[in-house]
Amino acid sequence: MTDSSASNSRQKRDFGLKRRYAAERRFRLFGQAAIGVGLFFLAALLFTVFSKGYTAFGQTSLNLDITFDAQLIDKNNARATDPDVLLTPNYAVLARDALAMKLGLGKLSSKDRKLVDGIISNGTKVQLRDMVMANPAIIGTTQNIWILAEADIDSANKGQIDLSVDEKRRKVSDRQLEWMAQLKADGTLAQRFNFGLFRNGASSRPEMAGLGAAMIGSLYMMLIVLVLALPIGVAASIYLEEFAPKNRFTDIIEVNINNLAAVPSIVFGLLGLALFINFAGLPRSASLVGGLVLTLMTLPTIIIATRAALKAVPPSIRSAALGIGASRMQMVFHHVLPLAAPGVLTGTIIGLAQALGETAPLLLIGMVAFITDAPVTPLDPATALPVQIFMWANEAERAFVERTSGAIIVLLMFLAVMNITAILLRKHFERRW
Amino acid sequence: MSILNIFFLVAAIGVSGYFLGRARAKNVSGGDLSKLHSLPGYAGAYVFLWATIPSVLFLAAWLMAAPFMLENTVRTGFPQTEQDTSENNQNLSMGMVRSLAGGLREFSVDERLGLPKIFEEIGPKLNERGIVLGSNGQDFMIDAAYTLIALQDKSRFWLTVIAITTSFIGAVWALSRIAIRLRARNQVETIILAGLIAASSIAVLSTIGIFLSMVAESGRFFASVPPMEFLFGTVWDPRFAAADNPGATGQFGLIPLLAGTIYIALVAMIVAVPIGLFAAIYMAEYASSRTRAIVKPLLEVLAGIPTIVYGFFALVTVGPLLRDISAQIAGIATGDGASFIQAQSVLTAGLVMGVMLIPFVSSLSDDVITQVPASMREGSLGLGATRSETMVRVLLPAALPGIVGALLLTGSRAIGETMIVVLAAGVAARLTLNPFEPMTTVTVKIVNQLTGDLEFTSPQTLVAFALGMTLFFITLGLNVYALYIVRKYREQYE
Amino acid sequence: MQMNTKFKPLENVPLNADPSPRAISICAEKVNVFYGEKQALFDIDLNVGANEVTSLIGPSGCGKSTFLRCMNRMNDTIDTCRVSGKITLDGEDIYSRDIDVVELRARVGMVFQKPNPFPKSIFENVAYGPRIHGLAHTKTDLERIVVTSLQKAGLFEEVKDRLQQPGTSLSGGQQQRLCIARAIAVQPEVILMDEPCSALDPIATAIVEELIDELRQNYTIVIVTHSMQQAARVSQQTAFFHLGNLVETGPTEKIFTTPDDPRTESYITGRIG
């Protein structure tokens, strides 16, 4: 096969070994380089995400003594008869005053007022209003509470703003930086764990935006996929592997399933739009529709894995069961399926992990929605974790890059947990026949 | 009775049927179960199935057919003036009647008596209960709505009666059949088998569903835009019809999108194929089993990362990096610091997509290479060939069909990929050969046309289905051919 | 015993019966078997007597295993397999339409070439059959059946302290006896054995052979074997198959000493095979 160069001198035959070994080393090097490049990209990707995103788990907050001034909140003392009066006051002033006092500023000039306001998150007024609405008794008292700092202040506090840039061109002024230093020194301004990231819904303000609603949406969809795709997939595999006669029809199903596994995910989105929304009239943006679309996508994965697991159960077990008079159904459900269960489970988890990371089809069925409150039923408008990432990735503000990366970390963590579970399951239940 | 309640009641009849059936089977056996053809549990299941399946099937059929039949009846009661109008108009009126009826259900029967019979007056009353109606209603619709409500109530009453009677009769009949020789197991198993067959046909049904929905919606699109204009048009400019210019439908040329799709896929393959193939070769031939055990799963992590993450990576890291590097190079070469690679470009999208595809190429090729019989490899090594010579001259040629199949599968994935290109390739549909400029793809345009507020009648949204159909057929063709090759290849070495 | 047209196999087994009902005979008439286009058996006529061990011998691929699997319709599991002709079990055609194969296999047990215990405990292995056939009404019943079956298979003494251990943990010979116990537990009338000793060492083989001889008291046994010595040792009747034909059948002693057919003689003396 190899063309050993034919200089066939009797004493010393030259096989061109030097040249050939050089080629061998080169070849090997290419292989190593290829793997190196692949691993480098993996590392670069993970590094990017983690380095940009880990800070999203902390959020700069301010610890203020806020006086709920009755004069400002309910001037006419009408709340007993008409609780709605508590909705209207400008609660932001309370936080501003508290902060100004902390900073030792007297009466604020209009320029200073703007700068002070710029430190406090826009969401504070809602936070204070909700406190008052929940418990009107706090009016007139002073409460020590934590409020969120504005996203730019948060970025500056995390060192993400280039301070060498001219003051006019950056979002945080020198004055605000001075105040921040002062507040930090007395413990008013601090980084706290960002529970809001896991609790809040969508928001146009980065410091208040969270994954809460998206995670609920994803959870609903995963449940729907699990409840539908697992039994249907297992039932289909059992039929194909254990009962189906080998004929044209089963051949078609077989080819079909393999192809379905390779159909681009976005096409499933179009199917969902046409079938579930236009034809069946299910609501747009609902996690039910998302779950159905993902079920159809996950089905081939589960079927392929389950069939492989069923195939791995040795035929002798089947003969043994049939030989003592078990029916085929009993053979499958008493013996074959329990033995294949770990494989089925592994395949299901991997299919679910795929479904969890899937974005494109969900865009088409309207899950790109601005969802501020978590969906209560699967028919409510919802969004999903990867779609939330997509929406944040399209936001222009600097602070959203951090949020996006943070969300990706959360998503990757979920996927890692699922995949590791699958691997452990496989390891633990691996059976040699 | 609500559907859910009927359902629960039928289920309850079924479950009690199960226990009764089991008890009866035990009873007829006279204590010796081995006399029975089937174990008591099967007799129970037999009764359960007879109690539930006919009833549920009936329920489903009724629920699907009833709305049409009821509305037809209501429609024939429309005044002649209404009946003379167009089909479309009547459909709209029926819709109004439907929502009126829905609104009236918010009121108790007594309250309904006090409601006005004039459309303009009933509107505000409904509004008070949070029901908003359109404004173009007519008075006859109120009567029609009451008729509809009456019919619906009647339908629901009979549905309840029949469903529950069916269930009951089924249970009693099945119970009466229980005997020593009743082949309950066989019958129950036949039903289970039918269920299994139904489950496996869902895979086929979803392919048919994809196909039909694509064809139907694309058909509506091609009714307003000629197929030739779509398939061979070189301009993509789907303007939405503006209020002052309702005639503007825009141009729907597929060519620029297809060109972008293929170009980006090509760049991705140029990245992924050599890296993936060499990685697979190294893994199959050189790597120690320990290296393999570590490196292989690590590379597979790349396949497990959601594509949205790659898209983000391209958007915030790779794109800006390429742009900055090109600015540096331009600075050195010409002294002019303008970057010649744009952040969103064919190169960015292709490069990142290539990274995503590496594990596909490597694991598919790895499978193929290790399937080549060991005897071939040993034969070559035995002749004194080096490992690289064996690989290049024996194994790869032998594995070639399989590898080609693997590459086709990878290519089909590249063409159908969405999130990376949505974030990294750009939205401008244009024809260019410069990989440093943005181009757009079929998938990007499907997403663009279908996000936001939609009206399902305009060609601007329907075009997405035509694009989807194009995508479906291209990838289907690639997959079928690739799977065919791979299958043939496997058979050769089996 | 009175049999009406309906199939009532275990009717007369008394409660808590010793799992050894009476043995019965099998009769095959003009049995042809096809795998797709290929014919594997040609017009087989064979009578298997009650309380006898009948051995089927012949070179590989002669159809002896195929014939064995016809007798409890295990061939049904092969899609392309077609059987014509008539096999009667105690006068009843087992291929007739109103026969339930599951019931049939409960009456005609089978032991396979390779020991194939379920990957469950020893107890569960034996208990599975009685459970699905409703042979035990109480836990004690079930335990009694398991114990008697294991005793009859000569395994009980060896495993009585570890009934909860997996059946797969036993040695090859023990596994095969477990499979025999599993078959006995269903109270079959006939036991088919497909080369039951081919995967066993000589000592285990001897034990199993002894067991087969004992089981003859209560069951009709058909055994496929490669080993002529084994056939000679355990069986009363022998049938010699060659290329899908039943060449000769008769008392074992006669087949091994004065066969009628020259092909039988060649095989016995080692010239074919």
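What to note about this one:
Think of it as A, B and C in the order they're written, each chain with its own count starting at 1.
FYI, a residue touches a chain if its C-beta (ideal position, glycine included) is under 8 Å from a C-beta of that chain, and two chains touch if they have at least 3 such contacts.
Since the model is a prediction, treat every value here as computed from it, not as a measurement.
The most central chain, judged by C-alpha centres against the centre of all protein C-alpha atoms, is B.
For the pairs A-C and A-B, the count of C-beta pairs in contact is higher at A-B.
In whole angstrom, the spacing between the mean C-alpha positions of chain B and chain C is 52.
In terms of their C-alpha centroids, the spacing between chain A and chain C amounts to 59 Å.
Mean C-alpha position of chain A lies 21 Å from that of chain B.
Residues of chain B found to touch two or more other chains are 185-186. Residue positions of chain A with contacts to 2 or more other chains are 327. Among the residues of chain C, those touching two or more other chains are numbered 102-103, 132-133. By the touch rule above, chain A contacts chain B in their complex via residues 1-2, 4, 15, 20-21, 23-24, 26-28, 30-35, 37-39, 41-42, 44-45, 48-49, 52, 231-233, 235-240, 243-244, 252-253, 255-260, 262-271, 273-275, 278-279, 296, 299-300, 303, 327-329, 353, 356-360, 363-364, 366, 368, 386, 389-390, 393-394, 401, 404-405, 408, 411-412, 415, 419. If you check the complex, the residues on chain B that touch chain A are 185-186, 189, 192-193, 195-197, 199-204, 206-207, 209-210, 213-214, 216-217, 274-279, 281-283, 285-286, 295, 298-299, 301-302, 304-313, 315-317, 355, 358-359, 362, 379-380, 383-389, 391-394, 409, 412-413, 415-419, 422-423, 443, 446-447, 450-451, 456, 464-465, 468, 471-472, 475-476, 479-480, 483.
For chain A in complex with chain C, the residues that touch the partner chain are 245-246, 314, 316-327, 330, 334-335, 339, 431. Residues of chain C that touch chain B in their complex: 6, 8, 10-11, 13, 15, 100, 102-103, 132-135, 137. The touching residues of chain C, when paired with chain A in their complex, are 72, 74, 77, 79, 102-107, 109-112, 114, 116-119, 128-129, 132-133, 179, 182-183, 185-186.
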